[in-house]
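Below are structures written as structure tokens.
You will see two complexes here that share chain A, one where it goes with chain B and one where it goes with chain C.
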Partner chain A sequence: MEHSIFVDIAFLLLAVLAVVAGWRVFRTDSMVRASFFLLVSFIAVGAIMMLLAAEYLGVAMFFMMAVEMMVMALFMVMFMMNPAGLNPMMMVHQHRLSIIAGAVAFFILAAMALFSSFPADPLPAGLDPVRSLGHEMLGDSMLIFESAGIVLLATMIGVVVLSSHRGRYGAAEEGSVPPGLEPGGDPAGQPEKGESEGGHEHHHHHH
Partner chain B sequence: MIESLASLLMVLVVLALGPYVVAVMDRLVATAPRGALASDVWLGPLSRAAWLLTQHANATEAPDWQAWRLAPALYLALAAVGLALVPWSPTLIATDLVTSVVLWGSVEALATVVIFLHGWSANAVLPLIGAYRYVALGLSYILISMFVLIGAALPAESLQLTQVVASQESLWNVVRQPLGLPLFLVVGLGLTFWGPLNLADSTDLAGGTAAEVSGPSRLVWECARAVMLVAFSGIAATAFLGGWLGPWLPGPVWVLLKTLFVLALLLWLGQWLPRVAPERCVTLMWIVLLPLSFVDLVWAGVLALWA
Partner chain C sequence: MSLVTLLLLAAALIGIGLYGALSQQSFVMLMMGLELMLNGAMLAAVAFWAYSGAGAPQGQLLTIIVMAVMAIEMAMGFALVVAVFRGKQADTTEALSELKQ
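For the complex of A and B:
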């Protein structure tokens, strides 16, 4: 298919941006910065997909990766001992293994790029990428996409339930405790009174 | 060729004039109903801009300078992308992508990242709280917006904003899907953290993500918020008020009038609605507004099947 020189220039610039931003992910010293460098890399890839006439998937890449990287940055900051993500930290670990894995992956991908023969299918005239993607997703691939969709939905509902302040036994800020095993009894599943109050050493002295 | 240049020019003109128009309209909306116009309606925004421009730029301890200086410009760039998606007529449009509705959704999602970056990179407590607050709320805005916009795209059977306008030839979406525009207006106030939904840059955080920003980058941040509000109004006018459709006047004039109407409505809501506490706002979004957006989508789907 004929395309203008500007498409080639745009592709080269976006490809360089994707690779450089991907490299910066590992050279920066903060989890938040690393997440957003990865986002820049994905945005460049999404723009390349749009150059390849995948107009839905390219744009979907933008919003999916924006939300994903945002959530990833927050979760990494929440679960690691670096409250704001601004303190410097090393972003690479297990150097020798990583170097070997990186080199092997590079040579495999480079060999695939050099030695495989890519199909030269021109775009069919009147291609409607959104419609054809929709027919694919709700046609032959429906089972795969629907199962993945149900799993993702269940995960989302689970996360919302877990992060909601309304627990099974009352609101979190009011100190929720499970009900007793018999009506009006002590809360079930709690540690023994004696153990939790005195501790072992205290107990021992009294004997 | 001439039309694409003209549409680019439109985007640049709105980028340049938008902040001034928003500032003037906001002052008018705030003071006019009380019967007394503020004396600085016309010159006030300009003198504030000049004051910010000459102000000393504040520095915090070890900020992420690149991200801190870049975030306001990126937010402005996202607003410009939004403006480029608004069709002024069937042909006068800067970016007539077949997935322009989805691209607007991406603008909303990327705005979350940029607003977070603005608060995070200052390396100060109050901006950081504002940043986290926006992320917690931004997700619910994005979800509501997504369902409402899919509803608007259903009668058009297309994700292209020009097709969405064309599908409103017989009946505007604001009538066809009565829940759509009210829910989308909430998204607009949230996206620009304006008025009742200004929880990211709110006064209880001494200015939130912008608490430590002064000087030119503060000016860019405020302009970017205003332009985002204009871009949002343009998208709302396109998706729900029939865009360029209307009698007597040429299409671009209708788009301008409808955009100004939505803008005035948002500014009025911003001035006269009380601010919500962040925790109650999350509850309101997830318990009330998100289910309402499902109802809107089902409504739109049933109508589309019926038609």
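For the complex of A and C:
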């Protein structure tokens, strides 16, 4: 595939950006900033995909990751003790092992990239990548595409089931009461005592 | 920009992601590591599509599937974080040791 020097320069800058932002994700004090660094890494990879003529995938990456990382940042603010990065944060375990595993994975994959020979079979001239992807998704690979949709639907149902406060047979956290916020106090996130509990017991069998 | 440089970039992203997934204590940071690994996998798939797949549309389809996997991982991960936080007020992996031998 022939391309100009500017494509190479852009690729180099985007590659450095993707790697540096990906590394900063785990080295910043603020978890919100970490999710934005991850977003930068994804957008750099999306731009590289657009350089590779996969316009649809690159743009889809932009939209998907922008929304995903906003959700992630919101979750950070909701759940994490240090979302703003006011204190230094280094919450890691098995650190040395993780560094070694990451480095080993990189070197094995890099050796495969460098020392194996892949067929040089570039994009044919006159290929319209978006059109060919559309024909594939709604043509030969329609079953795969539809299956992905069904799996996403199942995920939505599963997510609602997992995160709903009450199931059909009572509260999800019944029987596992967390410790109180203060010694002897009530734990956070519990329903009020006066609320009606529904009254359904576990021994209701339906045959 | 060639297949080798693209695969090297993908390898770097996968390596960083593996480090993050193994080392982070917070559930959400751990998920960020997984996402970074999938990011590298998607880049490698597109690189193969563009340089050694002769533009076969299945290469792009594979990337779409990985994107769907990423969305599923994200949604299920956050739902599990919510469920675990409700049950145990835990947001780090160390706080869950019930299944430990």
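The rule is short, and it goes like this: the second predicted complex is superposed on the first by the 142 of 207 C-alpha atoms of A that agree within 3 Å, B and C clash if a C-alpha of one lies under 4 Å from a C-alpha of the other, contacts with A are read in each partner's own complex, and residues count from 1 in each chain.
Quick note on the criterion: a contact is a pair of C-beta atoms (placed from the backbone, for glycine too) under 8 Å apart; a residue touches a chain by one contact, two chains touch by 3 or more.
Please read these numbers as outputs of a predicted model, since none were measured by experiment.
Overlay on chain A: chain B and chain C fit together in the combined arrangement.
In the superposition on chain A, contact is made by A:L127 with chain C only, not with chain B. Once the two complexes are laid over each other on the shared chain, residue contacts for A:A66 go to chain B alone; chain C is not touched. Contacts of A:P119 after superposition: chain C is touched, whereas chain B is not reached. When the two complexes are overlaid on their common chain A, residue A:L39 makes contact with chain B while staying clear of chain C. Using the contact criterion defined above for the overlaid structures, shared-chain residue A:E55 touches chain B, although it does not reach chain C. Once chain A of one complex is fitted onto chain A of the other, the partner contacts of A:W23 are limited to chain C, with no touch recorded for chain B.
Applying the stated contact rule after C-alpha superposition, one finds that A:F11 touches chain C and leaves chain B untouched.
Counting the residues of chain A touched by each of chain B and chain C gives the higher count for C.
Applying the stated contact rule after C-alpha superposition, one finds that A:M31 touches chain C and leaves chain B untouched. After superposing the two complexes on chain A, the shortest C-alpha to C-alpha distance between chain B and chain C comes to 15 Å.
Within chain A, the residues touched by chain B in the first complex and by chain C in the second are 56, 60, 129. Of all residues in chain C, only 1, 3-20, 22-26, 28-29, 31-33, 35-36, 39, 42-43, 46-55, 57-58, 60-61, 63-65, 67-68, 70-72, 74-76, 78-83, 85-89, 91-94 touch chain A in the complex they form. Within the complex formed with chain B, the chain A residues making contact are 30, 32-33, 36, 39, 55-56, 59-60, 62-63, 66-67, 69-70, 73-74, 84-86, 128-130, 160. Chain contact summary for the complex, chain A toward chain C: residues 1, 3, 7-8, 11, 15, 18-19, 22-23, 25-26, 31, 34-35, 38, 41-42, 45, 48-49, 51-54, 56-57, 60-61, 64, 68, 71-72, 75-76, 79-81, 91-95, 97-99, 101-103, 105-106, 109-110, 112-114, 118-124, 127, 129, 132-133, 135-137, 141, 144-145, 148, 151-152, 155-156, 158-159, 162-163, 165, 172-173, 176, 178-179, 187-189. Note for the complex: chain B touches chain A at residues 62, 64, 67, 97-99, 102-103, 105-106, 108-110, 112-113, 116-117, 120, 123, 128, 132, 135, 139, 142, 158-159, 286.
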